[in-house]
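Below, each structure is written out as structure tokens.
Shared chain: chain A. Partners: chain B in the first complex, chain C in the second.
Entry: the complex of A and B
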């Protein structure tokens, strides 16, 4: 009897799937960052979705790093092969401005919260662009070797600039974003005034002068995996990277590393749908996005990696790590203990000054 | 044996001892600077070298002497720094022990004529030493990769446990990960599907082109050859970008066929070059004889010409295979995520997540490459023997 019910349910599911598959593509290419982050998306989003849609082929492409350049090339060649692309908020804004990403209405595309809140309210301010479907809040922050800092572990971000107390190399990202802000904060500028100061030539010179003081001690990184490797090697005493990478080094790989949450910089990561997809692929991707960004799925992702879900309604559902069984809440960048001093990254400011400062930063590096 | 006996032993005090002491000093410098005091290391090394040379030369025969040096040095190393020191000591002892008898028996003059001046002997041996260094320089990266791939940690790091030769510091988990992880398995499957197809295509087209171009009546042979070889000369990124836009228009971008065609284009030059080289030694009168006896050109090709140029065809095919198997730039452009090959997976793996699984895969690929190149070399020798070019 029971078997029969299961069989009937299964048939019903298959039939429902078949009915909707008529107009939906049976394969979908998702673009993400690889590593533990992509693994969390596979576990929390695509595997459950595949279970509901048997026969669907999900292909992952680890190209988020060069998503903007590749989407431009695809658009030029008239051959967009991606269906859904995971990008940071600033890239989403650029892609939206260039017309390479699809604009959408949040309340129509995305599911309501489990408490019935409309999506536009549930995500709130995090929808920073008309094309951006937020997934997670992450932060860029520092980790340090517990066995290389002596008896006084750093509690202040300015420890990065203090080579007397904490001798050794540090790793910083090879781009101006975050580094310029931290340099000014440690040069005595208050958080609120950082961008006002950075707007001026003198302010920029001041930030570079501060960075100059540690230039010989910096190893520059460009991939999120670099700092964890350098920390595990003991090549650097401290380094910046994404907080989820540090969580993995500390809790999963059991390396002698600890978090320095001070002046962590929040950023957002989410999906964009490339503009101009054919109808069947668009239908498939809309169906997937609605599923993958609902309250439960976003909360599930936090079981695999320590990034905060972008929906307010997901926060109470965040539980324990899927394998380690430890509570994830204290490892979230948004946890009150970790977020005592956070720095708000200004997208709009960087959208205006990025090209200019990138060039100046590269020139400074080459000096 | 008699020859060795008749050789005069160089003077211990004026030659063997100072040279061994110098070698000991170099060892001491390396060790000393890694422990903080280079000067102390050099002085200790000089003394140890001199004493070793004196003791070994005066009191012990060659075999016992070398064994004794190795054991004493290994023990000393063990007492100072445990297992790590024992290995270091063993290596040091073996080298110094060998050096003493090599110098003392006069065998350092073996490679040069008896009338060579000391300067020429020194140069000859320095030359060998430099060759050894270059060889080491070429092989060192591979030698680092192989032990690291057995790391028990998830980082590219020689852990203290590994350096102490603790079995717990080593594991096969990265090999297990390679064989159980669906991403890697998919990449392996794609590589195995793409490379043979591309190889087959390059071999067929390349061999035909080489045979055609070896006919003296074909016009513009050099120009055609240059065009066909061009994928080897044009920077890969240029070919890749060109193929990307061209294949996109044709709907071949992101398809299996597209990647196979692109890799075949890269492999053809290798086949043309190797087959053209074997055709140089091919006797044209054989095809004329076959035609004279009534064989049509196709039969002649398969029954007469093909067996004789087969070694060239196979080695060209192997190069084409390795090209496709190792290629990352073109596939990143022409392929889509569905055609992710092993090098592609390694590339993104290095960028996004530094996992020693990459090293395990690299080790496997190195082994495969060595096997393939050995095959090529054996085939080359066989073909030379068949054509009577070398007696071996």
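Entry: the complex of A and C
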């Protein structure tokens, strides 16, 4: 009789233990890019979430730049300390391929839109990988010095290759992605055919030949802050960077810089959940993701930074900048006025050709 | 016994002359001394053991492990074990794709790899060698579950519904003679047990997968009548019955199935790449690191438009030497001045040397940008003085010049400090003595002072050269296209392309180069002559 009681108590304890494993961890580590972008996430996502969950500890790690390598190292060491990682879509694909990110069913993990649209439709094509939770749409585009272009401000991306009308240096990112596409577009290739052309040796040679025409006039950047600084110093007449950086140069720092939205390349940034999290941490992060990617939260982020929310249902809710008080909608890359001519980055294609073209690009640079 | 001890303990004068000298306990003194010394050594070793073990575990082992990645290539044979074996006999030079057996092996391998989510990882690995394999594996992984091989499942279970029961399979696959009769099925069954275990399912309840029926079909078609007749294991009647009617099943070409998913599976280049990289260890990464490549038809030069690493190695060497020499040129006079001034003044000046040393690296690099850029301070001053035209400003940053300037500034303290500490120890009386003996200022310096300061130069050179050869932040920020180092590519492969094998190979070569230069230096200058202060 007594033995039975003990056994039953033991079972009850074990069951209680199993049940508590389903509970949510009381701290989580989020990884992001630091700076204004991370601040917008803190304001729009984690602070409201903490208000709903008192006692929760949120730790931010500014490691998104090296997230892929660090996550792989953590995974090999068998100790993943991150719960949610902010990465660009191409990195998410890489992490998914490597088995380092968790695959999920969007309709199960993510909240419905406020109009009841299932998440998979609300995000639509932006879910470019089985592991990727889209957050924002940003674009890589050009800004130019309004005082250095004379009376004819550029309206066409090919102004970058026109050193006669627009003399001076340009800044471009030190990698083949985007530059090869722009070179081909300005060499007369139609948008739809860019990747077909770029797949061939001749097409690649053609893109390099086009880039050759401005090679001596280019300053190559590797950090997102370079172009804004070069523009502010008047070191370059135009340069490519992320549209949010240009917004801050133009609206916050009031520099004589303007946007050239033509042929802006859309890219995505979002979350991935590392594979193999313990149950309690996974439960916590799932709960957070559901909250932080709902319609209102994504729209809220646009109050702090000029990146477009990834949900279609969020677009109508985008309001004014939290500090400057200006309407944010006209500054979004997705605004109809800005998105007259856009170019969509082909993730699958670059996943294949990145290694090859990067080697060629670096060799071309070094020549 | 006490007597004997006493005997040996007090040796007579005679025994000293004939035998070895003995210690107080009768053991020969030599051995006793050696033992005491050994004990001392062990004690010393035990004292430093925690540190030694710590360094071995936390420093040496990870480095060795990382460098080992430069040759390690187990991923191919681990992910595609059967394909690698089946491909052994295939000849790339024949120009024809492999036979059905290879496709069958690939099918089973990829079903397991897809379940375990390892196929895309292999795809990224092989994509370093051949562009396009990454998406080929991703696409094939998506299509592998939708192949027409379910025709076999339908046909065999229609013949005998018992084959749909996990119990039948478990019974047959548990028997050695059955496994010998059905080798491919047995191998596929082991994959199946791993897949079921990975999904935390119960093998007795899971409906057997399509690929098991495919291998069963292949095994039964290939089995000789004798082997079948001699089979006495479990379900013998059922197996014989299935074998007897196997000819009535319409075969499905696995080759065609793979080509339906992606026509690249008929490309001999793809198969050649898999074959060339199937060994567990590969020289491939090292070849890539010196602009060669391993192709199915042997080692070849990398195409000209992809050659970069040899150039970068040469440039890294050249620029590190340039930085080292400019550090000597600038650092030597400063150190000389510091050591000859009175202590009070030299201490103030030393703080000026150290102040930038304590400032953030990024701040110093950015400061050089502000100074050197075309709209920067130096150019502005030159334009104002009329030395250069406004529309023809000097390009001093984002090239080799900018990198050498910024890095010389950053590494200068590493040259000045060892020089200073050596010069401090050279007595000023020597110089005065030389002069009193009639030497000119130059002779006194060159013949008396300089030779004594060489150990400081040696130490400074080693520090500056080794630090600069591995630098990458400053070259990345101010190097432009002509001022980047090999370390920038290593960083790219570690953090961005995830090609850790190539990064490890580049790192190993860099390490070997540094060690070789160190050896040369030891031969020429002598490492004993180095004084690190």
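Rule of thumb we're sticking to: the second predicted complex is superposed on the first by the 345 of 367 C-alpha atoms of A that agree within 3 Å, B and C clash if a C-alpha of one lies under 4 Å from a C-alpha of the other, contacts with A are read in each partner's own complex, and residues count from 1 in each chain.
Everything that follows uses one rule, which is that a residue touches a chain if its C-beta (ideal position, glycine included) is under 8 Å from a C-beta of that chain, and two chains touch if they have at least 3 such contacts.
None of the values given here were measured: they were computed from a predicted structure.
*Asks:* Quick check on the superposition: with chain A as the shared anchor, is it clash or fit for chain B versus chain C?
*Replies:* With chain A as the common anchor, chain B and chain C collide in the superposed model.
*Asks:* Would you sort A:312 into first (chain B), second (chain C), both or neither based on which partner it touches?
*Replies:* It touches nothing on chain B or chain C.
*Asks:* Once the shared chain is lined up, is A:60 touching chain B (first), chain C (second), both, or neither of them?
*Replies:* first
*Asks:* Based on the superposed arrangement, let me know which partner A:163 touches: chain B (first), chain C (second), both, or neither?
*Replies:* neither
*Asks:* Give one of first, second, both or neither to describe whether A:356 is in contact with chain B, with chain C, with both, or with none.
*Replies:* In the superposed model, A:356 contacts chain C only, not chain B.
*Asks:* Is A:219 in contact with chain B, with chain C, with both, or with neither (first, second, both, neither)?
*Replies:* second
*Asks:* I'd like to know which partner A:117 touches here: chain B for first, chain C for second, both or neither.
*Replies:* neither
*Asks:* Is A:43 contacted by the first partner chain B, the second partner chain C, both or neither?
*Replies:* The answer is neither, since A:43 touches no partner chain.
*Asks:* Regarding the shared-chain residue A:233, is it in contact with chain B (first), chain C (second), both, or neither?
*Replies:* both
*Asks:* List the residues of chain A that touch chain B in one complex and chain C in the other.
*Replies:* 65, 223, 233
*Asks:* For a test of understanding, state which residues of chain C touch chain A in their complex under the given definition.
*Replies:* These residues of chain C touch chain A: 117-118, 120-121, 123-124, 127-128, 131-135, 138, 305-308, 311-312, 373-376, 398, 476-477, 480-482, 484, 489, 492, 494-499.
*Asks:* With touch defined as at the start, can you tell me which chain B residues reach chain A in the complex?
*Replies:* 153-157, 183, 244-245, 248-249, 251, 253-254, 336-338, 340, 348-349, 351-354
*Asks:* Which of the residues in chain A end up touching chain C in this complex?
*Replies:* 65-66, 68-69, 72, 94, 96-99, 103, 169, 174, 219-220, 222-223, 233-235, 348, 351-356, 358-360, 362-366
*Asks:* Across the complex, what residues on chain A touch chain B?
*Replies:* Going through chain A, the ones touching chain B are 29, 31, 33-36, 38, 59-63, 65, 73, 76-79, 81, 223-226, 228-229, 232-233, 253, 255.
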